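Both complexes shown next keep subunit A, but they swap its partner, so subunit B is in the first and subunit C is in the second.
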Partner chain A sequence: MPGEAAQLPLLTQFLQQFWATAGLPAAGLNSFELALEEIFMNVAMHAVQGGSVPRVELSLARAGDSVTLAVEDDGPQFDPLSLAAPDVAASLGDRPIGGLGVFLVRQLMDAVSYHRVGACNRLSMSKRIGVG
Partner chain B sequence: MKLNIETHGRTTLAIAEGRLDFGAAGGFQKQLEQELGGAALILDCAGLGYVSSAGLRAFLVIARAAQSAGVAFSLCALQPAVREVFDLSGFSRIITVHTDRATALAQAAQPSA
Partner chain C sequence: MFDIQLGAAGEVVMAGRLDATQCDTALKFLDVVAEPHVIDLARLDYVASAGLRVFLLTQKRARGLGGGLKLINVNQQIYDIFRYAGFDRIIDIARGPRATGE
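What follows is the complex of A and B.
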């Protein structure tokens, strides 16, 4: 699907349906909703700056009590994991606006990895969700 | 995302309901910025099920606007998933969070708070 901000609700719905169909515990869903929004919006925002809309592909897989979300886009090479972590101890006045999204994803997920696959960026995020 | 506004003495109580994601954050921020006329602004988050970094950004902008306006800004009744995002991002240290609405209202009503 096109990497445009307006597509986010549809993608979130897709994730929620996957979650419900697989019968996964509701408590684990938030981390994945957040990871999806942060990573997808990063792709969409970069695309706006770059002037062309990339194609984005989303995949979800469950293996035992672990769920993996992969977001792939055909935009220019960009590794979100290369971004510096924000200073989470900064005071209200010193706190920069932004830069938190990828940081939160790294904190909430067990494993996050970036690969350039052919002409695509692929970010893979996994977390054990404690089934049962 | 819905925002209901109540006035309790000189305190403005904003009751949020829904999801604070990329799509909702801008409107939410503008709406809350209109509510900095009292001595204190409390945002009740009991009905707020989701906050992303876009939502956190809105909180940060409002907290700063409140500080410049001399308005005591606080949140209350965070759901566990929202609390987690708040703690991880360090926002729990820069924005006052009360456990429930009654505590937040009592705190705001104190003369020197």
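What follows is the complex of A and C.
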């Protein structure tokens, strides 16, 4: 899958299909949709700045009541978890326009990890979704 | 699907998914609303950080005009996203009638 912003709806559909096929509770889907959007859009944005479109691979796995979403791209090495947390207590005038995405992912997921695997960035996110 | 329009009382009504691919549409619409005030989110299902940016920019513009935004009928999931981002400190946000649980 090319790492371009326009591909986001297709990736979201893939996630929704996985969710429905696995019979997972609807309440847990939103967090994963958000995590997917934030991480994929980060990759796509960096690609625009870098001038080349990376390949992005998405994988989803369920183990018991936990779901893991992994996003892998072959772009330049970048660990989004190295970004400083935004100041969510700042006043309106002091709010920067961006920087919230990765912060929200950390809030919504139980575990988030970054690994450089060969020539790829791999961001892995998992969360328990409350099924037996 | 994402939809944005003006309601009968001059409020802005958003519905569907405000994801990163829809933010330009939303901002273009809001930019031509002379004095954005009430935005009804009763039928908004999804927002992420790109969507938050739409509300932040619109709030900055509204404050610049001497007013401010009021988001109404916000569902619990979307309210949580606003709260995590600390937007409940900078925008007036009212939850929907069905979202009363803590």
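Please note the rule applied: the second predicted complex is superposed on the first by the 131 of 132 C-alpha atoms of A that agree within 3 Å, B and C clash if a C-alpha of one lies under 4 Å from a C-alpha of the other, contacts with A are read in each partner's own complex, and residues count from 1 in each chain.
The criterion applied here is as follows: a contact is a pair of C-beta atoms (placed from the backbone, for glycine too) under 8 Å apart; a residue touches a chain by one contact, two chains touch by 3 or more.
It should be emphasised that the depicted structure is a prediction, and the values quoted were computed from it without experimental measurement.
Taken together in the superposed arrangement on subunit A, subunit B and subunit C clash.
By the touch criterion defined above, A:E33 lies against subunit B and subunit C together after alignment on the C-alpha atoms of chain A. Judged by the touch definition given at the top, the superposed model places A:V117 against neither subunit B nor subunit C. Under the contact criterion defined above, the residues of subunit A that touch both subunit B in one complex and subunit C in the other are 5, 8-9, 12, 30, 33-34, 37-38, 41, 88-93, 95, 97-98, 100-101, 103-104, 107-108. Subunit C makes touch with subunit A in their complex at residues 19-21, 46, 48-50, 52-53, 56-57, 59-60, 63, 77, 81, 84-86, 89-90. Those residues of subunit B that touch subunit A in the complex are listed here as 21-23, 50, 52-54, 56-57, 60-61, 63-64, 67, 80-81, 84-85, 88-90, 93-95.
Within the complex formed with subunit C, the residues of subunit A that make contact are 5-6, 8-9, 12, 30, 33-34, 37-38, 41, 87-93, 95, 97-98, 100-101, 103-104, 107-108. Across the complex, subunit A meets subunit B through its residues 5, 8-9, 12, 27, 30, 33-34, 37-38, 41, 88-93, 95, 97-98, 100-101, 103-104, 107-108.
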